[in-house]
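Residue numbering begins at 1 within each chain, and the chains themselves are lettered A, B, C, D and E in the order written.
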Amino acid sequence: MSVVLGLAASGSVPTSSTVTHSANWFLEYAWLVPLLPALSFAGILFFGKRMPYKGAELGIAAVALSFLLSACAGIAWIQHHDDIGYHAVQNSTQWLQSGGVEFSAGVLVDGLSVMMLLVVTIVSLLVHVYSTDYVGDDKRYTHFFAFLSLFTAAMLFFVLSDNILQMIVGWELVGVCSFVLIGHWWEEKPNSDAALKAFLTNRVGDVGLIIGTITLFFAAGGGVTFDTVRINEAIVQGEVGHTALIVASLCLMAAVMSKSGQFILHTWLPDAMAGPTPVSALIHAATMVVAGVFMIARLYPVFFEGMQIGGSSINLMATIGAITLVFGGLLAFVQDDIKKVLAYSTVSQLGYMVMALGVGAWTAAVFHLFTHAFFKANLFLGSGSVAHAVHSFDMKKDMGGMRKFMPKTYVTFIIGSLALAGLFPLAGFWSKDEILVGTGGWGLLGGTGGNGAYTFHLLMGMFGAALTAAYMTRCVYLTFHGEFRGDRSHGDPHESGPRILVPLYIMSGLAVVAGFVNLPAGFQLVGDSWTERFGHYVEPYKSSYFPAIDHATPSWSLAVAASAVALVGAGAAVYYYFVKVDRLADETQQSLTELPDGLSKSNGLAAAGHKVLVNKYYLDHLYEGVIVAFTKGPLARAAYWVNQKVIDRTVDKAGETAVLVGRQVYDVVDQGVIDGFVDGSGRVSDATGEELRRINSGKVQNYAAILFAMAAVLAGAFLIIFAL
Amino acid sequence: MLLNQFLLLSAMLFCIGVYGVLARKNGVLVLMSIELILNAVNINLVAFGALTDDVGGEVFALFTIAVAAAEVGIGLAIVLLIYRNRRSIDLSEIDLMKG
Amino acid sequence: METISDNNWLLTILVFAPLVGALIMVLIPQEDEQSHKQVALLTSLVTLGLAAFLLIDFNYGKAGVLQYFVDTEWIEVIDAGYTIGVDGMSLPLIALTALIMPLVFVYSWNHIPEPGNAKAFLILSLILETGMIGTFVAQDLVLFFVFFEVVLLPMFFMIAVWGGENRRYASLKFFLFTLFGSALMLLSFLALYFLTEADTFSMLVLTENAGEGITRGTQLLVFAGMFLGFGVKVPMFPFHTWLPDAHTEAPTQGSVILAAVLLKLGTYGFIRIAIPMLPEAAEAWAPWIGLLAVIGIIYGALGCLAQTDMKRLIAFSSVAHMGFVMLGIATLTDFGINAAIFGMVAHGLITGMLFFIAGSVKERYHTLEIKRLGGMLAQAPRLGWILGFVSMASLGLPGLAGFWGEFPAILAAYEPAAGVSEQTFRVYMVVAAIGTVLAAGYLLWLLQRTAMGEPSAEFADDPNITDVSTTEWIAWAPLLFGIVLFGVAPGLIFEVTDLAVAQSLDNCITTLTGCEVAEAAASSGSGGG
Amino acid sequence: MSLLAALSADADLYVAQNVFFAVIAAAMIFSAVRVVTTGNVVHAALWLVVVLAGVAAQFILLGSEFVAVTQVLVYIGAVVVLFLFGVMLTRASLGDDESVGDEKRGMAAVVGVLLFAVMAIALIDSFEDGRLVIENPQSVNAVSDAIFSQYIVAFEAVSVLLLAALIGAIVVARKD
Amino acid sequence: MLAGIAPMFGAAEFVRPAIDWHAAAPELTLLGFGALITMIDIGWLERARRIAAPLTSLALLTTMVPIITLALDGNDRSMFNGGFVVDDYSLIMKATFVLAGYVVVLMSTNYIAEGDYWENEYYGLLLSSILGMILMASARDLISIFVALELLSIPAYMLATWRKRDLKSNEAGLKYYLMGVFASAVMLYGMSLLYGSAGSTLLVDINDAVSALASPSAVVVIGIIFVVVGFAFKVSAFPFHTWAPDAYEGSPTPVTAFISVASKAAGFVALMNLLFVGFLGRDDIFEPLMWALAAASMTAGNLMALRQTNIVRLLAYSGVAQAGYMLAPLAVAGTVPDKALTASVTYLVIYAAMNLGAFAVVIAVARKTRSAEISDYRGLFHYAPGLTVAMTIFLFSLAGIPPLGGWLAKFRVMEAVIEADTASGLVLGIFVAVNSVIALYYYARIGFSMWAEDAPDGDLTPVNVPLSLGVALALTAVITIAMGVVPGDVVGRFTEVSLLAGG
């Protein structure tokens, strides 16, 4: 049934615009959703300190209301869709008009934006609640909530934008909020460094955004409008030159890479962990980083045409996504900081989304965005819960065996991890599977459809699935298993309070069920009317502003294969950590975080007393090394080395170089050449004046000589010129 | 008679006068050289007057003589004043102000 | 061309009200500082009131038409008229000037810079105000020139007397540079007068004439003269070197006025005089102006990165920001020029505000050396946050005023006016966009090093370091409000300027095409003959 | 009545005039050179008398007797005497002007020669063969008519000038 | 009988010249007062000292009356075959001389009375010099010009030495005198050649003669150049300026003011008479000549002024540059004669006001500091704010900063050179522009010293400015500002002039 839907969509693109202006109140007034947190921002900023709960209550109330409105809007959208089909609701008003250019401000409500509203508001709401406890004794508590509200508002504003210019506004506001929040503890230089890095990296991408937007404005908007619908329609109808689209899509891709942490511009993301954990959750789950993915989804025709996604087997976007997902996964292996593990995991998952979009699996990408929001928020909040208890994020030094102290957190964390690892039947499984299906590159396994044969991307996706499962296993082990390695001088760590736990419960619940909203067609356990509901309501495949994409056919065999790969990854890690390391730990009565004779450590960090043990497992080492240690060891480390020494250094160096160039330019060109010229001409004048003064020797007869001689010279010259 | 014989004589006198004012150190001698110059001009004026048969030249010459007399008068007065103050009328020593 | 002369007493009073205040202050003895401050503030408030009345009374439907138009004889022998009027192009700048000055006086209430003498300081400020408003209302080249120059002396003395250590060099440099430019500009004005058949300095007539009857070569030369005059004031690379020195040494109020208004005289000159009067030359020069503009953007940003002094950094940022304004102007499009005007106002508000902050920092820390500062957010949180806010505005954050000066300029560069090379300007567009990254770089870097982190040991317990004071709030609030207001509702300016810009450009663009036709005819004719 | 005027009809007299001119001119130039080179100030004044007298003679040759007479009266009669007074009053060492360096003389000579070259070239170029035929020597009448009509203002001005110079010279020169 | 003799002498019967007494009234008034002062001096001796200055002021103000009535009358008048002319141009120049003289008297009053000076004679000589100047404005033949020049110069030579015991003053007088005489000699020689070419001393005739040929004869070239050199000395144009700094520095300051303003203006008047009436047809010669002098003067003058430490010397060099600006329009006088004349006259009038004002401040400051070193102007603002403001006005007016009068002057100069629409004119315009910048440097430096530096030794006793000096300051300041802001009728009626050739 849904296959038919997808195929039907591919053939016919409505020629008349599928945009309406009037609809259900909740859709027409969707702009209230961002407005409420924005007002709450102003309210908290100006009056927060005087409120009984220091402004937190205002933020929570506003976001809760927003959530309710979003939920109502979601229901309204479903009705709307059922009634008249996929007709986006657009309401805009002229913002300004200048030089013949019209700038409008408005909201575009369709399945995509409604879905985003829901995700953002729900994650934000829970993060708000969570934060009341987490940053409860922070000295800038009020201020934190103010910016949390603004952050939410900015993201909501962004997703509702009906034109690219407005998207830029939202995009930048999100960026600046993240700057403020990442740098929340600006007293420490690393924190402010991280904030700066985040903002500057995003700014680099913004160059692309600005140029891409401008190109679209002129090439597709006819030089008069930024309206996304009109621009998309123009592209879909083939009115836009291909060169312009290539330029625009490449430029916008740069923006996405910086915002959504794609490979080579991702380095700010792990650093951004410097911010408070709730902020990380918000950034990674619902706001900020998904903005890039959202933008691709929103302007999909640009990329679909510009990147030539249809009928190909490789393109820039998909490839960047694929590289990112593997690279991010590898990096997650070598992190000791629990948040960094999650951060790299986000990079990796964003890679999935971008790759999905790159291979034409629009719904899969958006669906993964949707599910990822819940389990990643779950994991971040969970890690925060743990960190809150031990006052550290270092898994190796300060954690271990936490399941004894924090059983509730442990459970939610496990759920989140399983969902992330993509194990049946949790949310991650469904969305990841759909992405793999979308690559259309598995001919061997019996899949059909899709926009091309992206075999390479499929393989990368599979590898990534294994990696994900493995590093999450490592993470869980290091955090919750083994013996506690932290400082017990202040007593044992204890379970977090309800304001932390309740959000965790809700999130983990969602992480379990979220996947069911888009069960693949042909999944026999439920009726057809329950399958692919998400894609049905969210994907604008029948609208006038969406390209004709092919939908792949789900495949049982692929699902099984992918699960198997994930299980192998998880299994290897489980074997390594839960079996071998645990056993060794038991033997040595120590809380270990890895095998002392790991391939990377074979030349002797291990203590002398362990030598025998090391030798004993020499053989084991060989075979498991192929699967686990090599991946975990040299490969991941190499990747990390490249990451820190090459890519990150490149970013840092770019900054340093700019400063250096600035210095040089200033010292040499400005002060030396230009100012030197100015001052020099002054000095020359001065010196000439000094020389000329010698004429006035003070001797009157010299003066007279000049008088007579000049008279003679002048007369002689003029005689020669004029009279002789 | 050629007009030029007078004019060249006058030019000669003029230039000798110029030499005098430039080369002499004694203020009084410089004033004398000035007289040479002014007389040279007078020869010119009168010669031209004769050439064009116009009375203007002579009148001009007369005015010049009168003015020259006045100039010599005050010139000597200034030289005297300087002599009184400096006990010297060596022009090459008078360079309190320069630059 | 149509003009409206209703209520035309208003402008004259607006221009000379500050001067009257200054004259009154001349009569008050120097010791009575309080009266001086009161009179100065009152005068500027009266001016602001008049400007507000102007804003209300202005006929926005006819923003393209000169309103409150006065045209009387002034210096008959040189055909210079006392011709003044306001249209949408100058209105925002007048309002900006009228707004900034009271703020400066409020700030001066307890910030009279060393070595004191409020009387002279305030009188000079008032004269400055007359000069600045006069420049914006003048509709006669000679009158424009006079007002343009009137601002020089007070500013020179402001820097020279109340400036910092190196004030002598800075003030002289400022003075010499600007005079150099304006002297050549005057030559161009005169050339324009004689080359135009009408023999007039009336800007209205000259704009209408739009360089007709002047050969291309001559136009290019005349434009070059104006370019120097206005370009120095803007300041465009490579004539910018006076600016950092002047700003660094000037007292806070001087820097604010300099940044907020004075620099705009140059850009205003471009859009009011140089381009409409010599469209053909403007078209020929546009790529070069654009080039210098983008060089300025990058160069200014690089200069900022090299600075160790906060005020100097802000000064260099002006070079970059005015680069955006000039880029907008160089496109010669409606949109670009509108963007430029917006950019002027935005830069006025934002950079003016930044200089206020720098002044307050200097007052508290007695240094502006970035290395020694730090932790302002901890010691004076509001000051720190305001700095952060304004930095964000300055780097072009959407939703704040700075964005609307920057983005539209870049946008306009994508498609410059017909006859100007598209390829060239697209390259400029990319370069300018890269400039925005650098802008973020230096501003955030500044913010990080001054506001974030722990206060340095040197100042950790310094009782001088207090948060924003009441007078500072009063002086700053309107600017901060303006930054948000114009960021959210840019139409407030864009829609005022739009008609006027269209009017002035329409005229010269028709002439342009006319010229081209004539030129084509001439070349074909000469080919035949 | 002028002697020369009476004889002017006779063409032979041109030769006489030229001879007369040549002799006087030679004397004048010699004397003038002595004026500017002699070491003795009093001698210089006396050589100056010769030059001035020569000028008067040239005036006569040019038919301007009135100017010639005035020349003798004013210059020889008054100015030279004034010079001699000046010489005495300044008690200038009557002999020495020896300390003048060659450099200064050289400079003066260069300027003088340069000036003469320019003048001479111009004069020769313009008046190559301009002849002077003195037929009607100017009468005193004509001169006085001109002075008292056309040049009356200048005449009055000269009188003021002389008075001012007189007063001024007294003030400047007197001891106080 | 007489009728028989007359032809024999070649002279016509004496025709009594028709004299327009109204036209000559300014000169006669001044002459009368001059005689009166001389007589009172002779009669009352020392007792006359008290009334000398007021009487001189009265003389000058009274002289303004016929000038004004002539101006109101508005008719151009010409006497002696055009040798003496009264037109708008000559009237505005006469008024300038007389008013400049008046301001000099105001400046001199206390200066001369309080010093060791010969007072009655001082004013007598001053008046005779002014008489020479106003004669010059009307003179249109070589003899009148020569005599007027000497009449205005000779008293000035003596006034320069008026501080008799001061070696510098002696030296100033000597240099001024000698250079003046040398320049007169060169000029006279040039005049003799011009006379010889034209056979007449009237400038109109000279114009006919010099412009008769397509290319000029050699003597005409030399004649014009020698005459111009003579006046280039007078206006202190480079390289004939050498005397000026020394003479300015050594002379009593009011005399310096007089020389630098009135005497320079008189030189310009003579030059303009000659150029516009006598040589106008020979613009191929004088235009490049003037161009060279103008460009050299403004550039060299400004450059040399850069390094001065004495304000009077600085003003002297700045005067050289100012002379360059005033000469600039004359370099296009053949192309746009009316505009050029107007420009130079406007400049002269405004220059007179601002330069006199500057010297008035110098005199006032010297009353306290007894010095004219620029370093003694440091911190002036702290103890003499009024003087500082006045000096600022004058200096920046000299620099040409609007809205002070100097800008209009420069504007008109630029206007003239641009209107000529020649490459050389344009280049000269650029010279003017660039030089304004160089000049600004030293003017602004003084401004900086006065305003922004501390007084030496922290001595903050105020400067005592006597009434007459105060009036002089106020008068010049008001004129300087008014000329820039509302030049209106003054500039309109009287400087929009063409020069009446006479004849």
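The definition used in the following text is that a contact is a pair of C-beta atoms (placed from the backbone, for glycine too) under 8 Å apart; a residue touches a chain by one contact, two chains touch by 3 or more.
What you see is a predicted model; the values in this text were computed from it and never measured.
Listed by label, the chains that touch chain C and also chain E are A. Put simply, the chain nearest the middle, going by average C-alpha positions, is C. Across the assembly, the chain pair joined by the most C-beta contact pairs is B-D. Greatest centre-to-centre distance from chain A is found for D, with centres as Cα means.
Put simply, the C-alpha centre of chain B and that of chain D have 8 angstrom between them. Note on chain placement: the centre of chain B and the centre of chain E lie 25 Å apart, centres being C-alpha means. Each chain gets one centre point, the mean of its Cα atoms, and the points for chain A and chain C are 39 Å apart.
Measuring from the averaged C-alpha position of chain D to that of chain E gives a distance of 31 Å. Across the assembly, chain B contributes 14, 17-18, 21-22, 27, 30, 47, 51, 53, 55-56, 59, 63, 67, 70-71, 74, 77-79, 81, 91-92, 94-99 as residues in contact with two or more other chains. For chain A, residues touching at least two other chains, in rising order: 693, 696, 698, 700-701, 704-705, 708, 711, 715, 719, 723-724. Applying the touch definition to every pair of chains gives A-B, A-C, A-D, A-E, B-D, B-E, C-E, D-E. Here chain C touches chain A in the complex through residues 173, 177, 238, 241, 299, 301-307, 333-339, 375, 377-378, 388, 392, 395, 397-399, 403, 407-408, 410-412, 414-415, 429-430, 433-434, 436-438, 440-442, 444-445, 448, 451-454, 489-491, 494-495, 497-498, 501-502, going by the rule given at the top.
For chain C in complex with chain E, the touching residues are 30, 74-78, 120, 142, 145-150, 152-153, 156-157, 160-161, 163, 167-168, 171-172, 175-176, 179-180, 183-184, 186-187, 190-191, 193-194.
Chain contact summary for the complex, chain D toward chain B: residues 14, 17-18, 21, 25, 28-29, 32-33, 35-36, 41, 44-45, 48, 51-52, 55, 58-59, 61-64, 66-67, 70-71, 74-75, 78-79, 82-83, 85-87, 89-92, 97, 99-100, 104-105, 107-109, 111-113, 115-116, 119-120, 123-124, 127-132, 134-136, 138, 142-143, 145-147, 150-151, 154, 158, 161-162, 165-166, 168-170, 172-173, 175. Of all residues in chain B, those touching chain A in their complex are 18, 21-22, 30, 91-92, 94-99. Interface residues of chain D, counted against chain E in their complex, comprise 118-119, 121-123, 125-127, 136, 138-139, 141-142, 145, 148-154, 156-158, 160-161, 163-165, 167-169, 171-172, 176.
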